[in-house]
Amino acid sequence: MWMTWKCALLNLPYGGAKGGVCCFPEEMSVNEMERLARRYTTEILSMIGPEKDIPAPDMYTNENTMAWIMDTYSNFIGYAVPGVVTGKPVSVGGSLGRKEATGRGVAHTVKMALEKLQLGKDEPTAAVQGFGNVGSITAKYLHQQGIKVVAVSDVQGGVYSAKGLDIPRLLSYVAERGTVVGFDDLDTIENKDVLELEVDILLPAALANVITEHNADRIKCKILAEGANGPVTPEADLILQNKGIFIIPGILANAGGVVVSYFEWVQDIQHLFWSEEQVNEKLGYLMGRAFEEVYQVSTNKKVDNRTAAMMIGVGRVASAKMLRGLYP
Amino acid sequence: MWMTWKCALLNLPYGGAKGGVCCFPEEMSVNEMERLARRYTTEILSMIGPEKDIPAPDMYTNENTMAWIMDTYSNFIGYAVPGVVTGKPVSVGGSLGRKEATGRGVAHTVKMALEKLQLGKDEPTAAVQGFGNVGSITAKYLHQQGIKVVAVSDVQGGVYSAKGLDIPRLLSYVAERGTVVGFDDLDTIENKDVLELEVDILLPAALANVITEHNADRIKCKILAEGANGPVTPEADLILQNKGIFIIPGILANAGGVVVSYFEWVQDIQHLFWSEEQVNEKLGYLMGRAFEEVYQVSTNKKVDNRTAAMMIGVGRVASAKMLRGLYP
Amino acid sequence: MWMTWKCALLNLPYGGAKGGVCCFPEEMSVNEMERLARRYTTEILSMIGPEKDIPAPDMYTNENTMAWIMDTYSNFIGYAVPGVVTGKPVSVGGSLGRKEATGRGVAHTVKMALEKLQLGKDEPTAAVQGFGNVGSITAKYLHQQGIKVVAVSDVQGGVYSAKGLDIPRLLSYVAERGTVVGFDDLDTIENKDVLELEVDILLPAALANVITEHNADRIKCKILAEGANGPVTPEADLILQNKGIFIIPGILANAGGVVVSYFEWVQDIQHLFWSEEQVNEKLGYLMGRAFEEVYQVSTNKKVDNRTAAMMIGVGRVASAKMLRGLYP
Amino acid sequence: MWMTWKCALLNLPYGGAKGGVCCFPEEMSVNEMERLARRYTTEILSMIGPEKDIPAPDMYTNENTMAWIMDTYSNFIGYAVPGVVTGKPVSVGGSLGRKEATGRGVAHTVKMALEKLQLGKDEPTAAVQGFGNVGSITAKYLHQQGIKVVAVSDVQGGVYSAKGLDIPRLLSYVAERGTVVGFDDLDTIENKDVLELEVDILLPAALANVITEHNADRIKCKILAEGANGPVTPEADLILQNKGIFIIPGILANAGGVVVSYFEWVQDIQHLFWSEEQVNEKLGYLMGRAFEEVYQVSTNKKVDNRTAAMMIGVGRVASAKMLRGLYP
Amino acid sequence: MWMTWKCALLNLPYGGAKGGVCCFPEEMSVNEMERLARRYTTEILSMIGPEKDIPAPDMYTNENTMAWIMDTYSNFIGYAVPGVVTGKPVSVGGSLGRKEATGRGVAHTVKMALEKLQLGKDEPTAAVQGFGNVGSITAKYLHQQGIKVVAVSDVQGGVYSAKGLDIPRLLSYVAERGTVVGFDDLDTIENKDVLELEVDILLPAALANVITEHNADRIKCKILAEGANGPVTPEADLILQNKGIFIIPGILANAGGVVVSYFEWVQDIQHLFWSEEQVNEKLGYLMGRAFEEVYQVSTNKKVDNRTAAMMIGVGRVASAKMLRGLYP
Amino acid sequence: MWMTWKCALLNLPYGGAKGGVCCFPEEMSVNEMERLARRYTTEILSMIGPEKDIPAPDMYTNENTMAWIMDTYSNFIGYAVPGVVTGKPVSVGGSLGRKEATGRGVAHTVKMALEKLQLGKDEPTAAVQGFGNVGSITAKYLHQQGIKVVAVSDVQGGVYSAKGLDIPRLLSYVAERGTVVGFDDLDTIENKDVLELEVDILLPAALANVITEHNADRIKCKILAEGANGPVTPEADLILQNKGIFIIPGILANAGGVVVSYFEWVQDIQHLFWSEEQVNEKLGYLMGRAFEEVYQVSTNKKVDNRTAAMMIGVGRVASAKMLRGLYP
């Protein structure tokens, strides 16, 4: 359901669905994984297709899985159908720029928020909780935008530097060591403390429900961008709103991933592939438009950003449903 | 047949056809209209489709009707097929910029005619007969192009001002009152007199056959752009030509509507939607190219614009037919 | 097979195949040719299609043949399917810029080679063997790029001028006379001597195997661009490499034709047609990207261009095969 | 429409429709006829098929035409589809026994009528007007059933013999001479007089409207079997009913043709072909069942046979329509 | 699952599945029922079809529902597809003899059991619990086979007559009164006592689980034919087996219904409809063959009939699965 | 090609084709055979199907292979399609009576030949060369028809008994020992001598080309039935004809196998399965009809049976081709 609202908010011509297989992937060989993926594909064959339902990788699946699904489906159809799944390797029809899409999108919304709040003049500061695909890529782009990232953390702990961290070097460090801990011999800071730092921008990019009624009071940022899904509980949300924090809800902030999945599908359908620059430019356009629409509804209807985003997403689905009617 | 020549002139990959249902739409409820539209769709199901025949709204049908047809067709196919009709609401796959497309196209051809005739330096004057969708939008864009619109009329009558009408205010006035009559306390001028004003540009945008052998003598414009279909009778056409009036035939002047219907279809097939700016820019490109081709043929072959437009349209269809051959 | 590597090198989503009919086309009437084309189309009907296998013209077939195939296929499908073949006449779905595509592509790779070798500052010289579609168009674009074309030849012989030939006038001359011989009253030079001129750029654009172990020693150019398929034998190839000649292999140099065939197909699938400028720009982009990739592999892996091109092409196919797997 | 009622009466799972081409078949060569048949087939391709609409020969078409249609359709589908038409030559999927089906059916209903009226004991007499496919075959089977055929006629006139005609010899005579006139040196009798003979069974098997209000009074038979379509006008019908004549309406009497067309289709769908004996036995069963149903309705509802037949046919269609409902 | 074993036992080329809609049919109008049936049909459209899954009526659905499903499905396909469901009204493709099929099948197995046990010589006696569609039709045929039906019961109670009941008159009585109670002024006997009568044949044809460990001891019949599904609990089954009662398990006894559903489907696919006699004869053949096979396995493997029937059914599915293999 | 003439002779709606895979089946595991069969099936997927081309087992393939092909094809189609291949195991849609079909057919033609030659009164004698599937089953049925089989042979040698062999006991003997040698302690007779015995009926059922110009003189039978394909060379054929031997050509004699393959397909398409008696009866009917037709042509046209059979087969294909025409 959430995917449906997210797609509607971004104006992607998609609904939302989810499917899976009960199994123990850790105990399976690659060959078993492949056979399972192919069997599963044939079982759902009549329900998927580039015009019907387009799977993408999720837990325990990756771009290899997508290649198997695409190959199995194509075998049934009789020719290569790359558009049946997204998240494929580039060499079998995937899109350039997909891996960085979510982080790039988060950074874009942060940039727009800074402009709206007129916070961009001085060097704003940021703290990033979670340094996986989303957190690290976002940090990279925040840094490029001239934002001083003062703290980052991962499951092993975090590092803090009031002068700002050298993100490019940090990324290399993490690529080698697998953690941010120990970078530049900085002291380790606890994960939960990262959230409570006095920064302009807070980016929870790890788990859900990290900001609750218990620590919401102590959040001191001006902008909170939800890199993870649901990092703020409903109770905490009210507290943060009352404190006047500008929240960029996950449905908007981390939509970059599905946007580029959509772009992959469009390229596959057109059989015409875009350069990474084109992908990024179109991603920026869609993210920017959605941000602006949320901001306008929020301002005009005097609601918070999260409510505004939902009003747009649900409203668009409802409007289309009414126009099409119930038949038969 | 006329749609076929128009599409060929604009280089759209379309033919032309028309279908309808004998009924009394005024006496039918919305629910009856919906059921009739759905029934009709199932009856013609094997003949329509995004690759076969793509209906668009015409008399007594509107974008709601298109949504019903699209929904019924999609239900049969098994997934959403927005490309089966054009003229849909934007939220179910319609195109931005469609509503203003015809008027915008007319204004564009007028602008090109002014350039060709080198009339654009001084502030040219225009009279617009008919102030519905086509007439009013054209007036709006003529005004934006710096043309002084001195007279407009609708079924209730017209207004005239030698200094030029303030079109933006007039559009608001009409939106409120439903007529141009009474605007700025100007005197009312009769519809037929609008046609005979001494202006650079005359835009008959109301009914067919308003300029006939009886009043053609008294037409005093330099450029006549056919916003309506067939406002000039064949007899009048000869008289106007002899007077040296530069006629932009309807097949060219008012082609903007079908061009953007075509764009809607292309966007639906690509599942990639254009911004209004992109739509307008592409519309301008196609209209400009067709105008230029008509102008070249007219000049080279020493024929009037209407003949030149037909030569191009019919010629393209004939050439394609000959190349493909008759089979079986 | 070679088409497969070429398409992979250019990143076109195509494989490679070839088909034909044993017959004596010189003895057949146009009507017989048409009937044969239609019969052949119905025989291979289940194997071709815009998503399956897309024929293009080759020996004894031309754009008329493609129109017949397209018409026959479309008749079976029930609506026009321009994307089933490429190389069609523009009026039934062909692409602008297709005829000049190969020559334009050759010229583009020459230009890039000059830049890489920093030979572009002074007016470089070129000799063109073969003045058919590929050779003449390439010469035209080399000339436009400021290169001095000092010799060209065709089956009847060649002409040479140390000051450089006036290519635009030469093209008109050939269009009239059917040969380059006699142009500007220049002395005739033998075909084989053209190859051995002391020029910066040598363009064999006629037949295969014109440069062999017997004359390779005497080749004196700095850049050799293979306009024809296989003008250099494997033995000669080694000799030229040892002499340090920068060879642009045919798989890269003359790929412009299939690239624009691919563009034609994309336009047909999108039902949106590009201007000639757009076609040329996209052609330049793809040719340039492939050239750059070959150059990088050549430099990094210390192999010649031909090997580098093959490494990329074969490597991409292998990688995609491995990702998709063998099924069933 | 009449075909619909006839099929419903016989319980065949068919509706009724008719199509044709405006042309001058007498002026066309066989080759032109073939090309026309093929073109027509492709034009109606989406509307015909073994599960949709199954053409059969009618005026100016014959089993050759059916073979062309079947071949053209099969070519489009990709394999032989004999069930798309009926009335084909046996060697491409036609049915044995089809040519004699109508006459055999008429004779069968006459036999049943004799039993119902208990007229079969003594040798009943019959007169046959029209000696084409229907009349001559019916005569043959009446003769085989022990009925004395005393008179037959064709366009050139008729022959009469109170002792009964030797039908087998007469059939050979007609096969040779092309007319019944002159058989056994019998006197010629006028066509209209054949109708007014005092016989048990009258079989008008030539044209429509031969029994009208003008001669109905003089009809003296006990059983009138309509071999032709509509030989009795509505006015004459009332007069004959009042005279107590047992009319077997055409919708029942001459249904044998469509029954065996249906059998041909069933055999084609099953790909299993029946012997002529099986065809005849099944034909007899269906004709007999329909006759019995008409007789029962006629008796129970006290209506004439024609009305009874219509009540059954129309009633079945109405019942099926009501059960299926109107959708959408 | 049980349907799968039953079909395998009878050698029908079917599996087994079940589907439904959560709703309150008692509170719905006929129109709502129709709309629900049509909506449901479109939702499962991609899973049903004459070659895929063929629904048949069950609780709260009847032959009208089947007609709606068939009509909706046919509308989507484009022509009438009677074979998509069974249990249709005869006029839209249903089979003759379907309504009496289950009872007729039960009676047939009883007859065969009598022969095997050599109990047919003297007039055997029977008691029938449950007088709905199955019980009453079975009683009718048992009576026709010369069996003395001494007791029958329905929800309101039962009647008993040692001389045997006059079943034809009883059927008329029930048709009028809606119950067997009061027939011939006989005393009423309780339902549970009917089961314990001393008869040759006991036919529980009402509910499941009527013979349990509590009353199994008191069952005195020689043959027990399960007209209902599961009238004997597993515990009671053992007791009855120990008493040497010949049980005809429901999977065999009441299979007549699905057999004729299968026949309906075959007739629809062939488009050739059978007389009631043909249906009954083929039903008898299949029931007899299955009975014989169960009897042979039971005798050869020394197992009870129920086990034998399951061995055959499960075994056939297993064998087919093994032969086809698991793919992919 | 030969299969085409055979099918035409038997009036089966089939053509003929053959396909295979180059591999070493003896070196492959069952699992490899299965994977190869499935891969091959997907490669030819677009060319096979119950309406297109229906494979059947041949060398190194058996009913298991057919089950794999059927399963693979069905998986692609989405539901079980038994009709895509014949020669399947009965439990997945094979036909009863298939294994004995060829031998049964040979015996049937022999029986008819005896009648035609009026040799059936006394106990005729027969010699059978080859005791595989065809020879042994034929022997079994010849024996049942009252023919005295005096000699049989296999690869290891033959046995002879002037009194006639006890075929039922011999079949058991062979089932156990794998050879006829040693049966009843009879002397061994050489294979080639079996052919030259003085018997009424000679049945070469082993290899091709066993009767040549070298031994044809010494053949002494009255009837020679070709159980194998091509046991008589063309040269020998002339010699045998001159000796007045009545040859039943293989195209007719051993057609029973393909006839029942055809029956299997018909049953699969109808989804209605025949009893073994029905299969045998229909087989007898088709064999008898073809025999009779060959005999009539042979007699009327005064040609030998082989020529007559070819005249019928080739003639039917030619006639159908001419009726359908060449298109396009």
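Each chain gets a letter, A, B, C, D, E and F, in the order it is written, and its residues are counted from 1.
One rule holds in what follows: a contact is a pair of C-beta atoms (placed from the backbone, for glycine too) under 8 Å apart; a residue touches a chain by one contact, two chains touch by 3 or more.
Because the structure is predicted, anything quoted here is derived from the model rather than measured.
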{"item": "Any chain that touches subunit F and subunit A", "value": "B, C, D, E"}
{"item": "Given subunit D and subunit F, the chains that contact each of them", "value": "A, B, C, E"}
{"item": "Over-half contact-pair match to D-F, picked out of the listed pairs B-E, E-F or A-F", "value": "E-F"}
{"item": "Equivalent-chain rotation between subunit F and subunit E, CA atoms, steps of 5 degrees", "value": "120"}
{"item": "Subunit F against subunit C, contact positions shared by both copies (same if over half, else different)", "value": "same"}
{"item": "Between B-D and C-D, the pair joined by more C-beta contacts", "value": "B-D"}
{"item": "Subunit C and subunit E: spacing of chain centres that average the CA atoms, whole Å", "value": "74"}
{"item": "Separation of mean Cα positions, subunit E and subunit A [Å, integer]", "value": "58"}
{"item": "Inter-centroid spacing, subunit C versus subunit B (mean Cα positions, whole Å)", "value": "44"}
{"item": "For subunit C, residues that touch 2 or more chains besides their own", "value": "38, 42, 46, 72, 75, 78, 270, 327-328"}
{"item": "Category of the chain touch graph - line, ring, star, complete, other", "value": "complete"}
{"item": "Residues of subunit D defined as touching subunit A within the complex", "value": "327-328"}
{"item": "Subunit D partner contacts - residues on subunit B that touch it in the complex", "value": "35, 38-39, 42, 46-47, 72, 328"}
{"item": "Residues of subunit D that touch subunit E when the two form their complex", "value": "11, 13, 49, 51-52, 265-266, 269-270, 285, 316, 319-320, 323-325, 327-328"}
{"item": "List of subunit F residues in touch with subunit A within their complex", "value": "42, 45-46, 75-76, 78"}
{"item": "Touch list for subunit E against partner subunit D, complex", "value": "34, 38, 64, 67-68, 70-72, 75, 78-82, 89, 91-93, 270-273, 275"}
